[in-house]
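Chains here go by letter, A, B, C, D and E, matching the order in which they are written, and residues are numbered from 1 within each.
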Amino acid sequence: MNTLIAIIGLGVLCLLFEIFNLRKAIVPLTIIGLLGVLGLTISEFNSTESYYNNMIVVSKFSTAFSSLFIVLTIFLVTLGHNFYENHQSKISDYIAIKIFLLAGAVAMVSFGNLAMFFLGIEVLSISLYVLAASDRMNLKSNEAGMKYFLMGSFASGIILFGICLIYGAMGSFDVTEISELSQSAELPVWFPIGIVLVTIGMLFKVAAVPFHFWAPDVYEGSPALTTALMSTLAKVVAMATLYKLLSVMNADVSESFKIVVVVISMASMTIGNIMALRQTNVKRMLAFSGISHAGFMLMTLLSLSTSAGSLLYYASAYSLSGIAAFSVILYVCKNRDNEDVVNFHGLGKTNPLLAAILTASLLSMAGIPIFAGFFGKLVLFSQTIQAGYLALVLVAVVNSIISVGYYFKLILAMYSKEPNEDKKQTPFVIYAVAVVAIVLNIALGLFPSLVLDLLA
Amino acid sequence: MNNILNHIGIENYIFLSVILFCIGVFGVLYRRNAIIVFMSIEIMLNAVNLLFVAFSTYHQDAQGQVFVFFSMAVAAAEVAVGLAILVSIFRNLGSITIDNLKNLKG
Amino acid sequence: MSTILIIFCVLSAVTLATAFLTIFSRNPIHSAIYLVICFFSIAGHYLLLNSQFLAIVHIIVYSGAIMILFLFTIMLMNLNEEKEVHRPRITRLGAIVSFCLICLILIAIFINSKPIVGEYVTTGEDYQSIKVLGKVLLNEYMVPFEFASILLLVAMIGTVLLSKKEKLQK
Amino acid sequence: MNTNLALLLLSAPFLGFLLNIFFGSRLGKTVSGIIGTIAVAVSFAVTFYFFGAIAAIPEGIHISLFEWIQISNFKVDFGFQLDQLSVLWLLFVTGIGSLIHLYSINYMHDDENMHKYFAYLNLFVFFMITLVIGSNLLVMFLGWEGVGLCSYLLIGFWHKNQEFNDAAKKAFIMNRIGDLGLLIGIFILGMLFSTLDFATLKTAISGATDLNMYWLSVAAFALFIGACGKSAQIPLYTWLPDAMAGPTPVSALIHAATMVTAGIFMITRLNFLFDLTPDVQNIIAIVGAVTALVAATIGLVQNDIKKVLAYSTVSQLGLMFLALGLGAYEVAVFHVITHAFFKACLFLGSGSVIHALHGEQDMRNMGGLKSAMPITFATMLIASLAISGVPLFSGFFSKDEILLVAFHHNIPLWVVASIASIMTAFYMFRLMFLTFFKEFRGTAEQKHHLHESSPLITIPLIVLAFLATIGGLISLPGNSWLNEYLTPILPKLATAEHHLGTTEYILMAIAVIGGLVGIGIAYAKYIKQNAVPSEDAMITGFSKVLYNKYYVDEFYDTIFVKPVNFLSRFFRDTVESGLSALVFGFGKLTNEISYQGKKVQNGSIGLYLFAFVLGLCAIVSYLFLAQ
Amino acid sequence: MNVSLILIILLVGAFATFLAGDKLASKVALFFSLAAAGASIALLNHYNLGENISFINQWITQPNISFALKADGLSLAMLLLTTILTPIIIFSSFGNQYKNSKSFYALILFMSFAMAGTFLASDGLLYYIFWELSLIPIYFIALVWGNGDVEDRKKAVVKFFIYTLAGSLFMLVSFVYLYQKAGSFLLEDLYKVNLSATEQLWIFLAFFLAYAIKIPLIPFHTWQANVYQKAPTVGTMLLSGIMLKMGLYSVIRWQLPLAPLAAKEYMYVFIGLGIAGVIYGSIVALKQKDLKKLLAYSSLAHVGLIAAGSYTLTLDGLRGAVLQMIAHGFVVVGLFYIAEIIFRRYETRVIAEMGGIRSQTPKFTSMFLILVLASVALPSTFNFVGEFTVLYSLSQINIWFAILGGTTIILGAYYMLKMFQQSMLGETNTRIFTDVSGNEGITLVLVIAVLFFFGMYPKPIIDLITPSLEEILIQINRIN
């Protein structure tokens, strides 16, 4: 609860900075503020409490994920310093929206009442609609915003309908009550339908097949930093929320529902990976890669009771490598009108460090050992085999192989092509974010227990 | 005080709002004019609101109605943002037909 | 068949019909008007369910605020005549198919499910007067209530962000 | 003492090899030649010591140096065994080896790489000694492959000529075919008896009661294939004539006197094994006889002086195998020794001729050298008489014994062998007549330079001619020193009866007459009729087939080399690229799917929402209607 | 003192090399690789004295993964192969100038680190991690410093990477599956798992896929020749000298003891596959135009024989396989170095463009010939010891295996001598070919010395590996 309040306070402060004409200080102060919030959150780690009639429930799960979100936001805000250089007059709006978005995200993983959940997801979505469309003179950005908005509201409608049916069945929005009631024998069919509808709405948010179509278009059209946010923070938030939703409501997930999850998971990874193969736009490629990672993360839903730690680990690994990759993309594609692979040619020569970082992050996504991505996959495979879905794991393995194909396309472009322009100045923040993110990723790879055992 | 549902039956409300919701879905799929699509989404949300109120009566519980307030706030916020996006598209493109938005694909 | 049921049927018919008309009208302004009627009929449903406060709020928010916003936009863009290009048949077919599908599936599920037997609960307590709603909203639902303000704030900043012209910094 | 001497025996040539290979070029040609010769001479001296000492030690000297290879059911030591057989072999290996080294000092003096030549030659002697004194099959195999290597190096000594290199390669590969057989035999013996040591093996085989005759025969046959490769028997003989590409002393040492007899040595060594497998012995006898005949027929029409000798060698080796196959190991050994003397002499003599003619090897371009090179002529004549089986020369005794044995066992084989020996007499004297008699047919330039070779060449010739004359004394019919000497190795000899009866004398007479007839025909044709073999293009009929060696090389080329090369090309061009395409195919396929998939993602919100709704319908209906 | 020291030296060496800068990189790398070699010999000494030099430490609790490095004879033998070949390989590159050499040498050391780790790890997952890690450096070495057309190279290298990764991922799934049964990735715990015959078969096949691609066995070898050809010679040496042995070692260490029933049941199939590789590889090698490609196919033939030996499940087979692995490691490094030396002078790898070198370079020719002969397993070279033992084990299974496998000594001689003849012999080449320089000579002499020494006296290695192979055999023959 304190986290939420602090974040909102920080958001309001951002707006005030603008009024007091402290534009230059906004990013540093926000970062300091966020670090403070992070400290606050971590200090609450072991306390399990519920606030205000069970509206907000602070648990290990919520604090762990909130911390991850805060860390990601810190990175994203830092990158904003560089990215919004030319938009000084709007910088406070951008930063404030991101902070509020974080508030929505935190609400989504710490809700105790479906009202909070719904409002959280809406705050997050609306912020994203705005950010996606924020490059207002760019038709691509407009289109991305519009597509995201239309489909997002549609999904919101479905989530709302689901919530409504759950309410109809249970007569309450409180998840604890719902959880207790769901144990009773006589349940109207409204309840499972409600759960399924909410799940579908969330599957849209995580961009799982067949609700994934928006992702590549929106990722491509949005400003690069927004894409970074969507592919890391937003995806992880949606996944964590889906996980929490299903586990906390004790919605006795039936076998056939699990089969649906298996099919969606398989389809997501397969389609995501195969479609990524022929992409030339890096953001679009990462969008498809994100779809496949969503497929991987959906595997956690098959063993709800035990897989929170693995989800956290996988999410951290994925989002940290995503941040590192995107910071390099931001550097390379700054002042370019597209994010084509061509732009990465010869990066290994002009800027070996960033090339190495991008390589490392792609290897992490591909699941090559010692990077955190590998252990993420490993624990997922392990749990899924334990849950008895060997076939899913085999499909996942085949997909890992396919995925190497396109990750390496980018690596090859960096190392085997001649650069088409000279080395340019690299801003410090890019280095800082990229290095810190990848170091965190590798640290996670070397000491996976740090995160894996957190939610045990 | 009698429960009104004894006259109508909750099923009827469910069917009504399902049909209304589906009309909204249909509208989203059928129309290419962004404004009408927005309106269709509003219809969907209203269908749900109606069901909330019906369920609220069914359970004799105020929470359902309270949730309708939130849903209205959300609807308002969405419409505001949506229309803002629409306006900027209209400025750039001179049209609000969503079929014209096909630059991002592949 | 009681009076109430008749009223319900009439209201429902109006709701569904205007909803359809909203979608089928070629002129966006007509659509808007139909939608307003639709909202009014929904408000009628609320009244039928005896939640007067909600009915009023509904009219104020939807018909008063949201629809005006729509109308303004339509006027602003000068969209009162039909500009929509002819839709390909496949789109329409797809829309109709999916409409029928989703409708049939949902209704089929609800018909299949066990019907609610017996009397509906009547506690006799007041649960939907302004007083009660106010208490629930500002006691139990205080946090979401506040959070909704964040939502609106975000929407506001967003709208401003999207519409504000940047000062050119060259 | 014995150990150290044995090591000296072995290491002297190796030391010579090392000195020559590393410092030879700096030491100068003569010094390097002398080093090489002395190294072998030392070995010869040591051998002589052992020859004396061995009489006192019937069971032989066994030396084990260190453990070499370890197999699950046995260990193989790197060890040596000096017994009657190996010392006997060593005696002529090092003896003839020394002579040939001596000979080479002069013969190779014009070659820029003479130090290498001596290095290789020393290495050869080293490996040959290893082969002979190895205490087990594997050490023998080491020597076996080692001599093959040296043979490769020396055949291809003039490596600028790719044809010579081809010949060297061919020799090595055909030897390796045999080596595989030998290895297989070793494996089977190892499995059956858990040892490869000759002594242990002998005890094991003779002591065993329930021998697996099938596997024993297979092993013996496999070993025989090994012998075929090394000793140039059908079907693996074709390398030997080609091997004449090497310097002539090499041909004398390796391809006549020593290395090619390794197969005979091995079979004699394992006589206890072969004695148990009569089927294999029959095969050996038949192969030997056929080889003798086939090689002799080819030898009839060859015009290259060295080729004639090469086919003669093959033919003689065939006779030895015939003897082996008939179980007369001592006879084979006897012939090996006499053959070593006279064939080395012949080769060295031909080398002397070639040297005098500056590399000319075609007999059609020789003639009338008798007067210019009397010593060479004389020695070669003696050797030719010996090989033709003219009485009192060494070849007479040994060959006669083979025929005798053949007659006792199998008349057809005797007939074949007799024909082969008649042919031998014919082609040897054909060689003599064409080379030394009548007029010189070479160029005037060559004629001008004709001269007798230097003493370094003629001394070995004389010594060998002397040995070729008296060599027969070691095993006179009825009173054989050799048989007595070999008794510890071949226990059967102790009981064997050697009597000379009427049959024997008749057979002897037939053989002698046959030999004289062969010489006579040659005389009639090449002296009386003054015939000179026709040019290559003019050879017709059966002699063309013979001249082309029955087209065996072509035959092998067609059924082995060409198919393998074809397969290689086929694999390289078709299978490899096919497999590669298959692997790439998966990538291509997914890429193609991806390409088609991009069309689905067409940017239309309507489509996206349609998919959304369909997905929703599918999930909901699956979960709630289908159940 | 334990084996983790080696890994630390190599890893620190990799970083130090990277930081040392382009000029010093090669020397620093050589220093660290020599240090690692020295340390491993010292460790060998400790091991022979009976000290425990293994290292085990819990790494991750959930899933239960340990940082377990076990040093038994087999691992030590392979470790020595790695740490001794690495300095030789580094030293061999001294004649070349590489751009960005700090990264180059750092990658070599890093690869050496990963390979050493693979040989030492006794925890399944740790092993897998090292296994995968070794792939990345070679990928970059081949990609960035390779030769030939960039596009072709890219194709070859990416195929190699994806192909090998594909195989090993199935191995990972097997490991995870086993982990579910055992609750630990430790090898000794995995031994204890009771598996049905079907399960064993699938696990065996999954492992097989990984190893068959890495080794490579036909028909999984299509990556090999191209990568060997395109990679810089140092990379080729690392690949063929050490990395292939990872696959073969793993067969012995992991695949056979973990799925013994399947190994026994389908023994003939896998031996047959190995032997088919021998014949196929030899025949394809005959008509290769590129020297490095020819060596690649010869390598295919040799490893086919080694694999066949391993699958016999006899002590001889395993022992022969290990001996042959080490021998082949040295000989193939030597041969690729020969190719490099020729390339340095003639800038070609096409055999037809060589020829007539022997008359100019006695030393070089002799060393080349010795390596050729070692490669065709002439007795007294190390390769003979290995090949003999392997063929003997094959003959124990079925004499025809030995005969067919033995064709390698015929075909091997054929293509190697043919290659030698075409590349070295003949009329003196018009282009000058200077004889080996000091550095080159030292490298080759070292390799040759090793080959001859162990060819005549393989006992130290045999004694080193035999006890651990016997233990593995006990596991293979265990009855669950």
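Keep this in mind: contacts are C-beta pairs under 8 Å (C-beta built on N, C-alpha and C of every residue); 3 or more make two chains touch, one makes a residue touch a chain.
Heads up on the chains, UniProt names are A = NADH-quinone oxidoreductase subunit N; B = NADH-quinone oxidoreductase subunit K; C = NADH-quinone oxidoreductase subunit J; D = NADH-quinone oxidoreductase subunit L; E = NADH-quinone oxidoreductase subunit M.
In this text the structure is predicted, and so the values were computed from the model without any measurement.
Strictly by the touch rule at the top, which chains does chain A share as contacts with chain E?
D
Looking at the contacts, which chains touch chain B and chain E alike?
Both chain B and chain E are touched by A, D, going by the contact rule given at the top.
Can you tell me which chain is nearest the middle of the complex, judged by mean CA position?
E
Measuring centre to centre with C-alpha atoms, which chain is farthest from chain A?
For chain A, the chain whose C-alpha mean is farthest off is D.
Can you name the chain that lies farthest from chain E, using the mean of each chain's Cα atoms as its centre?
C
Count the C-beta contact pairs for A-B and for B-D, then tell me which is higher.
By the number of C-beta pairs in contact, the winner is A-B.
How big is the gap, in whole Å, between where the Cα atoms of chain D centre and where those of chain E centre?
37
Using mean CA coordinates as chain centres, what's the gap between chain C and chain D in Å?
103
Whole-Å distance, chain C centre to chain E centre, using C-alpha means?
71
Please work out the Cα centroid separation of chain A and chain D, and write it as a whole number of Å.
78
Chain E: which residues touch two or more other chains?
162 - these are the residues of chain E that touch more than one other chain.
Scan chain B for residues touching two or more other chains and write them down.
In chain B, the residues touching two or more other chains are 10, 14, 24-25, 28-29, 32, 58-59, 61, 63, 66, 70, 74, 77-78, 81, 84-86, 88, 98-99, 101, 103-106.
Touching at least two other chains at once: which residues of chain A meet that condition?
Within chain A, residues 115, 119, 122, 126, 129-130, 133, 136, 145-147, 150, 154, 189, 193, 216-217, 405 contact more than one other chain.
With touch defined as at the top, which chains are paired up in contact here?
Between chains, contact exists in these pairs: A-B, A-C, A-D, A-E, B-C, B-D, C-D, D-E.
Under the stated contact criterion, what part of chain B meets chain A in this complex?
It comes out as residues 10, 14, 21, 24-25, 28, 34, 37, 41, 44-45, 47-48, 51-52, 55, 58-59, 61, 63-64, 66-67, 70-71, 74, 77-78, 81-82, 84-86, 88-89, 92-93, 98, 101, 103-106.
Sort out for me which residues of chain A touch chain B in the complex.
115, 118-119, 122, 126, 129-130, 133, 136-137, 139-140, 142-147, 149-150, 153-154, 156-157, 160-161, 163-165, 167-168, 171-173, 216-218, 220-221, 279, 284
State the interface residues of chain B toward chain C in the complex, per the touch definition above.
1-12, 14-16, 18-20, 22-27, 29-33, 35-36, 38-40, 42-43, 46, 49-50, 53-54, 56-63, 65-66, 68-70, 72-81, 83-88, 90, 95-97, 99
Using the touch rule from the top, collect the residues of chain D that touch chain E in their complex.
Within the complex, chain D contacts chain E at residues 21, 25, 66-72, 78, 116, 138, 141-142, 144-146, 149, 152, 156, 159-160, 162, 165-166, 169, 172-173, 176-177, 179-180, 183-184, 187-188, 190-191, 218, 564-565, 567-569, 571-572, 575-576, 579-580, 582-584, 587.
Which part of chain A faces chain C closely enough to touch in the complex?
Residues in contact with chain C: 8, 11, 15, 51-53, 55-56, 86-90, 93-94, 96-97, 100-101, 103-104, 107, 113, 115-116, 119-120, 122-123, 126-127, 129-130, 133-134, 136, 145, 188-190, 193.
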